[in-house]
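The following pair of complexes shares a single chain, chain A, combined with chain B in the former and chain C in the latter.
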Partner chain A sequence: MARFSRVHLGRDRRRTLYALIAAILLFVVGEFVHPGFAGLDSVEAILTIASFVGLVAAGQTFVVLIGGIDLSVPWVLNGAAILLVILSLGEDGRALYALLLTLGMGAGIGLLNGVGVAFLEVPAVVITLAMNGIMEGLTLGLSGGLTCAACASYAPPVVQRAVHEPIFGVPAELFLWLAVIVIVSFVLGRTRFGRHTYAIGNNARASYLAGVGVRFTTVLLYALSGLFSALAGILLVGFGGQASLGMGTPYLFQSIAAVVIGGVYILGGRGSYLGAAAGAASLTALVSVLLAMNMPDYGRSIIYGVVILVLLLLYGREEGEG
Partner chain B sequence: MTESEATAGGGSPPAVAAVKLAKSFGGVRALNGASFAAAPGEVHALVGENGAGKSTLIKILGGRLRPDAGSMRLKGEAVELHGPGEAHRRGAWTVFQELTLLPWMTVAENLLLGDEPRGALGLIVRRRMSRDADAALARLGIRHIDPDALVEDIPLAARQIVEIVRVVIREPAILLLDEPTSSLGEHEVAWLFDLIRELRAQQTCIVFTSHRWNEIASIADRITIFRNGAEVGTYRAIEEREAITLMTGQRLDTLFPPVPPLAAEVPMLEAQGLAAPGISAIGFTLRRGEILGVGGLTGHGHRELFLTLFGALRAERGTILVGGEALRLRGPRDAIRAGLGIALVPEDRKTEGLLLPMTIRDNLTLAILERISRLGVIEAGAEAERTRRLADALQIKTPSLMQPAGSLSGGNQQKVLIGRWLLAESRILLLYDVTRGVDIATKHEIYELMVRLIGEGRAILFYSSDAEELAHLCHRVLVMREGRIAAELAAPNLSAEAIVAAAVRDSLAA
Partner chain C sequence: MPPELAARRERRPFTAHLVGQNIGLLLVFALLAAAVLLYCVFFWIRQQSLPGNFELTSTVNNTMPLAMAAIGQTIVVLTRGLDLSVGGIIDLTNALAAVQIQDNAGSMLAWTAVVLLVGAALGLVNGLLVGVGRLQPIVVTLATLSIFQGLAIRVLPQPGGAIPPSYTAALVDPNNPWALLYLGLCVLLWLAFRRSALGVAIFAIGNDEGAARANGIKVVQGKVIAYTLSGVFAAAGGLFLAATATAGDATSGNGFTLSSIVAVVLGGVNLFGGRGSAVGAIAGAFVTTMIVNILFFSEIDPLYQSFYEGLFLIIAVVVGAVLGRLLRRRR
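Take a look at the complex of A and B:
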């Protein structure tokens, strides 16, 4: 019994460790393929790219922990990016108002997803996919396919600095991500809300019968997912300067992949954000190594898919043992 | 009057024989060395209380479940069944209690599923299908069921008949029926019994389970009584009273601690004219220091009653009062605030109580996180302190409270469930079958805990599928039938026999 328990308790942390080890190994492999790959600048650049996946994965972690999923990531992110430039017109003076409205939009869309899941009892896959379509239409329609005059605006300088400004030689974006990791881990690990999240993910019915506000918590979790998609959209505009169409598309698959690689159980109830963050880092490292090896796009896609599949198979087996 | 297996059915080899079959689900022993045999041309009844193992036995004989130990023979041949298909090839067909028809297909499609009439190119000929089905129904004397109707559109009793017809037209040598009459009316039962007599004349072996004693007495050639997963004996004729005594059994009196009498009449929980889906016109008063039992056959509204009292099912009518004040329950949360707590061990084990992969600590404090957190942050010290004290008081056996709840034994899991409500300071505990599937020693501990809890001024509403337990532990017992309280038993009329008799006799009248 004692042995069973030790294996069980250690599993989440072990997977986080796997994901971290994988990231480190990939940097080592990269260094062999392409000397300088594991240099400080290169690592910083790769981690910065990973941070955007990591931010989306934070939202995805919240909903996957209750056995849900958020497929509205691509166009909530893209919509947020475009909304930010339109509202701010690249001026710092309008930045605060633009930021608040954009984040509010993300949280609001997420809230609608949550209401659909919790109250209308629509499967998460269906409602979030539909919401993605709606957001795509709204974004394209209202921006005239990104032809509107304000669409060409740059992100306000303050947002650009929030991504690029070096602090002790490290881009501010990485400190932002670190802060998110600390806060999300604290929320999941130490608060009532976090405990309720795990409880619902393990057994929604039993949680309800213990007095947990299952619906309320579910709505909040989806709202958080929307919020993080919007945040990632904002920071991506800050990173690249301008918004573009389709910029959110890669983040759906990558955020889910990061969550799975990091050991968050896809049916809910187990896993940590630290794991998902490590998953985002190792996934981005993998992509970078493949790029360094001059692997074409289609090859990367295949390898992505295979990695996810193999991990799910491995983890699935572990569930059986546990 | 008991016969040995060798002489079953007087000479001819048994059509079906079970020898020392055993089957466990998780830690729960459903069958514990059960044996019986039935001959061709014999109608054999399996009787026993809920949980005695009858249904499990039928499922094993029909190839739906595989036994953990023991053996069986069909038509004298030792067999190991790997699925229902194999049982069918050996002539053994089962009619199940839970309906297995496909609701969105027609009666004809269901009847002929897998045996559809085929024309050229192997395609199904729809016109012939409906004709064949009609002929099959007519041959068995059924005229009121349209073969082209969708199954979901026909009444429950008609569905049960289709279920029976579907099996009978396959001409089974061994027909296994699990509670075939539970959803049938008087006319349908008469039809079924005529059919059974006809099949018996054709040397079919029929094995069935039932709770209705007059049916058993009127049709069975022999009766095997089960208790706790094993047979007590097989009888050609037996009085109902004697059968009930055998079904409920005699157990150690020391198992049950003495229950102190009520000190005063202080009502804690009252229901008045309570109605919800599955229950109606429920009225009772639970008093401080009382264990009020709820008994009766499975599926007669106990579960709905408990969920309604806890706010998990919406009451349609009636009032729930706690301490004399009417409650408005919008969900379990309201019930918990009002001092109610429910410990639920549902049919499909442990799916509504514990979060098995989470720690014991998490499970204990799930209902009181509000009280031990500040600004939404859980105070780890307070949490550890409270759970440790409770675990000591309840003697939960575990090396650490940070172990997953799933690592605990069944009895200790039950203690965690009850402990959750003690931490929540629930004064009224709704205990739903909490002793099911736990060993005798742990049962005893749970009983002692219950007595201690009422001694501390709490009140317990206690549903149990074990009539004996109710008789020994409760001040009064409400016997439920079809969602209503059919009888209230109190000393000196309170006994296991009286509870079972009230439940069975009531279902005779149905």
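Take a look at the complex of A and C:
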């Protein structure tokens, strides 16, 4: 009987719904633990932090949908953050040029990942891992370990405003994320490119035989992942004001976790960005609740892992029933 | 291939077959030889002498933890899996060793056994989730990595603890490269494992899980054992790391997740499963250490270290793939 009632709501939508319900429940729990947790300001702050995870998760969703993975997130993000402040020197006049170059760098690195996966047939884990090392070395080496004179520059005011400026009382960053959610969902759900992505994720060989440009699409998807990592880096500098070393490190685990929580199938072919975005929100809400409970670092990292395992087991059961 | 072509194809001579089958192994030893040569050149330029016993000993001792982790990673990769929790297991076992081992033979033996058992238990958790729970290895081990790292910090909140000097001497003698004996033992174990029923099962699972199952191989059991073994070897890596550092640090294992994958890939183990050798992975671990040594002596800014490691990884993988394709075409 349970199966009949589920027919009306596709598996992907159901999982998106689960992630959203989880986020809401967590805010309720937080309100009990720490009164004021579910207040407007607090929710806005938590969602703003979630948006950075969400942006990286957008790129991660693209590559996970074809059964890939992008491990180069940490240092593409970190490199982009540092590149932005070095190029812009905190001046609005140089902001556009810095933004374009930084986003171009992210997309370029993603493109190289994609070429490695699609044309050289290197496993995604290896090429993106190596690229992460390359970016780490270049970022540290070229900035002298973040000791260069320009490294201490602030993000241009225009970038800072793009994150903080309230629009109808809500930080601009959240509108930006909303725009990304709408655009990415549209691209994946309603365009040829999106359908090709799902097709490759389900069966690359069959897609190739059906005339899908598998290699071209793969390269493009990895480029998009790099682009979103760089975008997250730029906005994080705008959020915090300055760049720092290691600022990208948490985003690898969190972006993959958000994608998994949101019900994107890690072997590809199934899932939606709306789910991953809801996953980012519930993950950040979970972290915030644990922080409000004064949970030490180690406890948080244990709970992180347990939550993901439990979700995987639940989703796996569902798969078996289906 | 059409049948007439297949019939016309001549049987390859024995040596060509051997080269074709072990191309990954040959490549990594060529790479290792090149790295050692380059190291000697730089060493000569800087010191006007050739590296001696001291350099050999420190290289071997520094490589031991990675070599152990790489052996475990190899076994999992052979089943077409991946163990990202290696770093977390090293963190936890390293912390345990530093907190618990006392300066007497009984304590050392007992805690060595306990730590290896803990590693086995952690690996077993991964194995059960992947094998019985039928979950994706990458996500499972990413989640358990987070759990193990948390537990490690619980065991040893700040770097500290102490490893008795006699324990260090037994595992990684600072004066002579006796640790090579452990590696020799591992190679012997590997050769036996490769020919055992379990070894055949693990290679079969990685080559074609469905066919392996159809041929009566216990796939679930094989996977569970593979992850458990990976846990044991990672724990051994944690012990060697603690012995080398003579103290514990609950975060010092983190880098081994990535470097064990690097060593495995350099060692010619196919990430799509079913092909490779732990001997190659050990050589891959040595190449990784040699790259660091070379960078040190070539006066390259250490900040660029990751850059060169990443670059070498890509070059090794691409060259391996291209050579493999050429050989296959020539057949």
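By our rule, the second predicted complex is superposed on the first by the 313 of 322 C-alpha atoms of A that agree within 3 Å, B and C clash if a C-alpha of one lies under 4 Å from a C-alpha of the other, contacts with A are read in each partner's own complex, and residues count from 1 in each chain.
Just so we're on the same page, contacts are C-beta pairs under 8 Å (C-beta built on N, C-alpha and C of every residue); 3 or more make two chains touch, one makes a residue touch a chain.
Everything numeric here is computed off the predicted structure, so don't read it as measured data.
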item: Touched partner set for A:Arg300, first chain B, second chain C, both or neither; value: second
item: Which of chain B and chain C A:Phe175 touches, first, second, both or neither; value: neither
item: Chain B versus chain C as contact partner of A:Ala210, first or second or both or neither; value: first
item: Chain A residues touched - chain C or chain B, whichever exceeds; value: C
item: Partner chain(s) touched by A:Leu312 [first = chain B, second = chain C, both, neither]; value: second
item: Partner chain in contact with A:His196 - chain B first, chain C second, else both or neither; value: first
item: Set of chain A residues, in rising order, touched by both chain B and chain C; value: none
item: Chain C to chain A touching residues, read off their complex; value: 82, 129, 133-136, 138-140, 142-154, 157, 258, 261-262, 265, 271-272, 301, 303-311, 313-314, 317-318, 321
item: Complex contact set, residues of chain A against chain B; value: 1-2, 4-5, 8-9, 190-193, 195-196, 198-199, 202-203, 205-213, 269-270
item: Chain B residues touching chain A - in the complex, by the definition given at the top; value: 310, 312, 331-333, 335-336, 342, 344, 351-358, 362, 366-367, 369-370, 373, 376-378, 380, 399, 402-404, 407, 420, 424
item: Chain C-facing residues of chain A, complex; value: 69, 116, 120-123, 125-127, 129-138, 140-141, 144-145, 253, 256-257, 260, 266-267, 297-302, 304-306, 308-309, 312-313, 316
